[in-house]
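Order of writing sets the labels: A, B, C and D. Residues in every chain begin at 1.
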Amino acid sequence: MILTSVLWQVLQTLIAVLAAPLVTGFVRLIKARLNGRIGPSPLQPYRDLARLLRKELVLAGNASWLFRIAPYFIFSFTWMAASLVPSFTTNLVLIPTADMITLVALLGAARFMIALAGLDIGTSFGGLGASREMLIASLAEPAMLMTVFTLALLAGTTAPARIIDYVLAGGVGLQVSMGLSLVALLLVAIAENGRIPIDNPATHLELTMVHEAMVLEYTGRHLALIEAASMVRLQLYISLIICIFLPWGISQSGKGLEGIVLGLFAYGGKLALLAAGLAVFETVIAKMRVFRYADFLGGALLLSLLATLVLYVSEAV
Amino acid sequence: MAAQALLAVAVLPLLTMLAMAAHRHKLAPALVHGGCLLVSLLLGFIGIASVLKGGADLAALPIGLPWLKAHFRIDAFSGLFLVIVNLGALAASLFGVSYVKHLNHAPRVAAAYPMFLAGMNLALMADDAFSFLVSWEFMSVSSWLLVLIDHEEEENRKAAFTYLMMALFGTFCLLGAFGVLAQAGGGYGFDAMRTAKLDGLQSSLVVLLALLGAGSKAGLVPLHAWLPLAHPAAPSHVSALMSGVMTKVALYILCRFLFDFGPTPAWWWGAIIMVAGGVTAVAGILYALIQTDLKRLLAYSTVENVGIALIGLGIALAFKGEGMLPFAALALAASLYHMLNHSVMKGLLFLGAGAVLSATNERNIERLGGLIHRMPVTAACFLAGAAAISALPPLNGFVSEWLILQTLFLGPKIPNWAMKFGSPVVAAMVALSAAMAAAAFVRAFGLVFLGRARSQAALLATEAPIPMRISLIGLAALCALLGILPVSATTILSQIAQSLMGIELQGTIIEGWPWLAPISVTRGSYSGTVLVASVLFLILVTAVIIKGFGTRQVRRGPAWDCGHKEASPAFQYTASSFAQPLRRVFGASMFQAREDVDMPSPSEIRPARLDVHMRDPIWQGLYQPLIDGVTHLAARLNRLQTMTVRRHLLMMFLTLMLMLIVAALRRVFS
Amino acid sequence: MNVHLFVLGIPLFTSALLAVVSSLRVSIWVNVVASLASFLTSIALLFHRPDATLWLFIDDFNVSLVVLTTFVGFTTSVFSAGYIARERKEGHLNRRNLRFYHAMYQAFLFTMLLALMANNLGLMWVSVEGATLTTVLMVSLYRTREAIEAAWKYFILCSVGIALALFGTILVYLAAQPVMGPGEEAMAWTYVIKASARFEPALLSLAFVFLLIGYGTKVGLAPLHAWLPDAHAEGPTPISAVLSGLLLNVALYALLRFKMILSANGAALAPGPLMVAMGISSLSLAAFMLYKRDDIKRLFAFSSIEHMGIITFAFGMGGALSNFAGLLHMTMHSLTKSAIFFAVGIISQISGTKNIVNIKGLAASHPVLGWSFLIAVLAIAGLPPMGVFMSEFLVVSSTFARQPLLALPIMAGLLIAFGALIWKTQGMVFSKPSIDPAQGYAAWALAPLFAHLALVILAGIWLPGPLVEWFQAVARMLG
Amino acid sequence: MDRALQYDTAHLIGAMVLLFGFQLLYQRRIKAVLTTFAFQAGALSIAAAWQAYIQNSPHLYVTAGIALVFKAFFVPFALNWLVKRLGIHRSVETALGIGPTMIIGVALVALSIVLVLPVTQGASALTRENLAMAMSVVLLGLLMMITRHNAVTQVVGFMALENGLILAAVGVKGMPLVVEMSVAFSVLVAMILFGIFFFRIRERFDSLDLHYLETVRGDRL
């Protein structure tokens, strides 16, 4: 039992990091197609990362030790968080390590590091990015926690595996608050991953950029790690939405190998579906002004709060 | 145990006398701080011993109120706070040993510092209202003197004055709370107060007064006004104590009132305290976000953390009011853990600020920068503190906030609508304040330690001396330790909380090592140990892969910055510009922040200007009207003193008439 | 042996002696030695109490006040020695003034001691009037226009007050006479208190109104207080010290004797509400007045009004705790306030000004003086471990327990007064020094100050058993 | 002599004192004020002597003597001399008109009666009525002090107040120390007179209107 859960944990950890570039590549491909371009291969992100890794590291003159260790932390924190979100099975050995709150906080830790790294060189772009990133985070994080709150109240737990059990057991049914939470979580996911309309992952040198502004000074393997981290994070959020709102097909503990295989396929399918959805959404929507973020995320926060309060109206708790 | 502790405390006044007697001697201040270090070490051990031993240990001195005598008592609960206080005192004293060398008025500090420690320790040990308030006031007065160290500055005198006024206000409130309890319990001893039976109104009065009294010391919004004024004025190791430790003494007595003494407040008092805590947390961190004075920023962050601890206390009270004692114990344990954690991390941050201050003589974060290169140890420790206080795993701040959030998730179990709706809202406030704390500390750390030096002083800074570094490292290690291995600490805390609630051996915090889970394992769990091990493993894997995969060449070059060439460090993002988006989003309504841009046309050669105007809503809305009112009334009443003798006689006549008429009316109507 | 006759006789005799001694040195010494002698003899009263007569008596209540009065009289005479010598040297006072001053000083002590020991209520009244007369003369000692005006104001207001008090006394006798028959017994407190349960209660109530206004004027209760700040500010500082420290106590003592009679009656209009009202009005008014003060002596004069308000309030609230607190506060206030005036006297002499704005940074220029002054002010402001804290602790906490609404004005008043005192004192003690550190003062001049502070701090930590018993006994009588 | 007559006589004399008290409020010229006061003091002296007679307490004759010699003759004389010597305005300067003052005076007398009569059930009728009148005289004296500017009239007001006190004291049977009290008051009055004189001679103020004397206004350094 322990052994299998260790095995699935290793598999989950590997999927979290290995599949992530593919997801990003897939989103880019779909977007290109929607824009009428042929677009690069979905495997292009792997090549990019490999190229970055091999490149020489150029450090700014006054880069400190913090600047150099930050990418490792950013990447590992994100990776850790990703490997704790059940994707194809809930039978993972590390799953009691962290609940949903810890997941949010782990991502927060990664963001803390990246914002500091952005400030380290002392350029105005870095500061600009860090400042905006923290603004977004200060609204997105509570919104996400409130979503967690709703689920925790519904399922009586903050552990993702238990929530899945609860949802699969049909305890939820069609809940208004689940719907509201889903919307809130989607908004947060968009903001946190720097997608349109909050940020545009494809741009540089725009005064509206956030994430890219912080990592402008990174090169070589550091940049590779950071890029990889953001890819992992994208996949993490999609997985999170899947595991909470669309857990069907996931292998619960006690199921055999065929459950795992089914879970893997189901996960892959759902991942592709949501990635495609993201691409479509990004294509049809326009980028926002920086100071509209607050409205966007404040909306998410209020939606999630509303979701909690509506719980009582429907008397689910 | 109590007797030994009293003896240890008795050493402190001797140290003060030593400091006064040898005030011309250069080494005396360091020596006094060394003595304080030993005393706090001893008291800390006594605290640990009484926590482990459990039970209560009594001592009485034939002083104080004549018919009562002074009673002292150490039980596990006060033992815990003795640990918290003396842990902070230990670090601060060690830091102080070399820090005082940089101070202008070291002898003054050395004289007041031991008294401050004595006051805090005695307040924790006191077992009757009189001894408690004497110690409490002693603590206030000695810290007032410490705020007045640089009394040549007008600003510091104002800060000290505000502080003392707020302290006195708090004392009066506590006095009232004690008075009501003493009336009901039949004596000023805490024993009588424990058994006091109060009716609803009296309970409410006690809780209200205790909340105001302890709150004014702890920094409950809107009674926090003194914190941001006093903390920057005091020497840094003292501010570390005032912020990290003294606020805990206030929370200690609040806990005694709420959970140990007689009052049986209804659940809604818990809700009120919870909401007050939530407002305190959010307001505190909002203020922190816009500060440019490093120590003031830290002071506001203290306000935030006190708010979070209060949320825990509030929900514990609500559970207690509804008779859900295991939940109440959980909430209390979470809150206690947060207090412990906050004292460690805030001590660390203030000492870090002190190291920066002594190296650069600068508190304004707009004029610092790049210190990570010249003060790497300080920077690393400060970073640990900043991450911990931003509630980032795997450090200690996260664990306690996680526990508090978990208890808030239990809040809707209280069967009434206010708690059902209130708990999510307060949880949102906790989340909001944690996220904004991260923003505030990214800003603080980033502006002080990262980037390039913004002033000559920052450029010439040198690393802190060894004793200072040791205490910084020690506290940083403790931050990590309490986060990574929280289990033994939480076990003890939940036992203390349970004994205070009067329940035994309940699974408040389930801890199948290394897991930490509230009430039951299915409610969600956390393990700092496993998390850290896993993350370290992942880092190792990453590093190994990268080593094997990529080149190892490193080249230093100028910053790219999208091709801009920025010559001057003044081009960096400043503290104000960092705060600008947040200021716009949150500050527009709360602080009425207004930005005036003066952009000269291209033909002009004057520099552009951006002026930010902000208004402190609490000061302007509450304190300023009070001050104005008193001034106005004083001016009006002063005319009474400039009357002629005849008019004074008239006053006398009217008073006489009034009383006679009252007497006559009584006759007529009776 | 009737020790108390010596206690009374020494000042009376010395007063006559000093009136004829013209040498300043001699009269200063005689003054100090005589004050010491009456202090030492009064200590004997602690151990041996003479039997009560119709005219004089010693009981639990006045024994501590008599000792306190002789003690403060003695310390003030020591302080006065230094103060007066300097005033003479600087030419503010001439020799005739000083002869008069010393004679009056002893006469003043005599009248106060007589008022304290008097068993006959009429004798008590006469002595309080005598105390007024002697102090009027001393307040006008400097013969400046302000001093004479202050003395005039003091004189007129207190004369009217004292006249009303007499009317109250007559009314009390009127109530006693039908029960006890005409004659001296009906005016002797020890007899009256035993019989007062049978007195006509309404008449006693009416009497108390007049007594409260009358003696209240002398206590300095607002709005009858107008004379107090001027008299304190314009007279020589030793006189301010004894005025604040002793005379106010004596007047309050007289009032309390009557309150006891009312309490023993039971059916009479409870004096409590009236005293509570006067106490609150004094406290609140004084608290606000403190803010506008520029003159250091006036500042502390208003602080005396504030404290008399607190004490009156405490007695008005009644009950074992409050009355105990009131008695303790009387004692502590007189020790602390006179200590403050000692410090103020030295400060105004070395700085040459009484203006608070011009006094700065004493802690730096004169550390010992500055810090003792600060401690004294903190003591009067009610910070532990000083004695005033204990009494304020008891008053405020018991009020909160019984009448939370009444506690609010008390709390507000104390806070506001505290703010003013601390704000002004902070400026005087701290900040950059304005006084030349070379301006010295004799080291022994601080001895009385230290003695008072030591007692005040000691009392805050530990009270001697007998004193506590006396206070508790008196507290019971006060009802 | 029967008790009714004793009572009526005492009552009559007391009423005379009160009447003169009212008349003091009514006078517009200082000289008339002083004369009226002399009459009041005389009436008081008679009252004291009468009480001495009916109570058979000879020491009250001393009080009567003091009242007669000191108050009815010496003080008015001295004040007259002061007024002349210092050139004080001969008319009474009022802070409140004569009419309103009289009305308030009547109200005060009513108040005294309301207060005193019911509370002295136990006392003899003689004492009761006497006390009500004495209290009225005291309050009228105080009223005079606060409605008249001039220092001389204030002194007279104070002495009228004091007359009321002595009236009360002599009216109560067996009151000890009455003589001492009247002596003490005489000392007070003498000091006030001395004070006024002293003021005037020393400082050369333009007027004795206390309004001008009152320059100590709070803090003036």
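Methods note: a contact is a pair of C-beta atoms (placed from the backbone, for glycine too) under 8 Å apart; a residue touches a chain by one contact, two chains touch by 3 or more.
Being a predicted model, the structure only gives us computed values, none of them experimental.
Novice: Pick the pair with more C-beta contacts: B-C or B-D?
Specialist: Top pair by contacting C-beta pairs is B-C.
Novice: Which chain lies the greatest distance away from chain B when centres are computed from Cα atoms alone?
Specialist: Farthest chain from chain B, going by C-alpha centroids: D.
Novice: With centres defined as the mean C-alpha position, give me the chain B-chain C separation in Å.
Specialist: Those two chain centres are 43 Å apart.
Novice: Please work out the Cα centroid separation of chain A and chain C, and write it as a whole number of Å.
Specialist: 77
Novice: Where the CA atoms of chain B average out and where those of chain D average out, how many Å apart are those spots?
Specialist: The mean C-alpha positions of chain B and chain D differ by 68 Å.
Novice: Could you please state the distance in Å, as a whole number, between where the Cα atoms of chain A are centred and where those of chain D are centred?
Specialist: 98
Novice: Where does chain C touch two or more other chains at once, residue-wise?
Specialist: Only 152-153, 156, 160, 164, 202, 205-206, 229, 292 qualify.
Novice: Would you give the residues of chain D that are in contact with at least 2 other chains, written as numbers and ranges?
Specialist: 115, 118-119, 142, 145, 154, 213-214, 218
Novice: I need the residues of chain B touching at least two other chains; which ones are they?
Specialist: 638, 641, 643, 645, 649, 652, 656, 660, 663, 667, in rising order.
Novice: Please list, in label order, each pair of chains that touches.
Specialist: Between chains, contact exists in these pairs: A-B, B-C, B-D, C-D.
Novice: Help me check something: in the complex, which residues belonging to chain B touch chain A?
Specialist: Interface residues on the chain B side: 369-370, 372-373, 376, 379, 383, 387, 390-393, 398, 402, 405-406, 408-409, 412, 417, 420-421, 424-425, 427-428, 431-432, 434-436, 438-439, 441-443, 445-447, 450-452, 515, 517, 521-527, 530-531, 534-535, 538-539, 542-543, 546, 549-551, 553-562, 564, 566, 569, 571-574, 577-582, 584-585.
Novice: Hey, which residues of chain B end up touching chain C in the complex?
Specialist: My answer: residues 62-67, 129-130, 133-134, 137-138, 141, 148, 151-152, 154, 157, 160-161, 164-165, 168-169, 172, 175-180, 182-184, 188, 205, 209, 630-631, 633-635, 637-638, 640-641, 643, 645, 648-649, 651-652, 655-656, 659-660, 663, 666-667.
Novice: Sort out for me which residues of chain C touch chain B in the complex.
Specialist: Listed in rising order, the residues of chain C that touch chain B are 152-153, 156-157, 160-161, 164, 202, 205-206, 209-210, 212-213, 217, 223-224, 226-227, 229, 269, 274, 285, 288-292, 361, 363, 378, 383-385, 389-390, 393, 396-402, 404, 407, 411, 414-416, 418-419, 422-423, 426-427, 430-432, 460-463, 465, 468.
Novice: Looking at the complex, which residues from chain D come into contact with chain B?
Specialist: Of all residues in chain D, those touching chain B are 95, 111, 114-115, 118-119, 142-143, 145-146, 149, 154, 210-211, 213-214, 217-218.
Novice: Considering the complex alone, what residue numbers of chain C touch chain D?
Specialist: 120, 122-123, 125-126, 129-130, 133, 136, 143, 145-146, 148-153, 155-156, 159-160, 163-164, 166-167, 170-171, 173-175, 177-179, 181-184, 186-187, 200, 202-203, 205-206, 229-230, 234, 292-295, 298, 353-355
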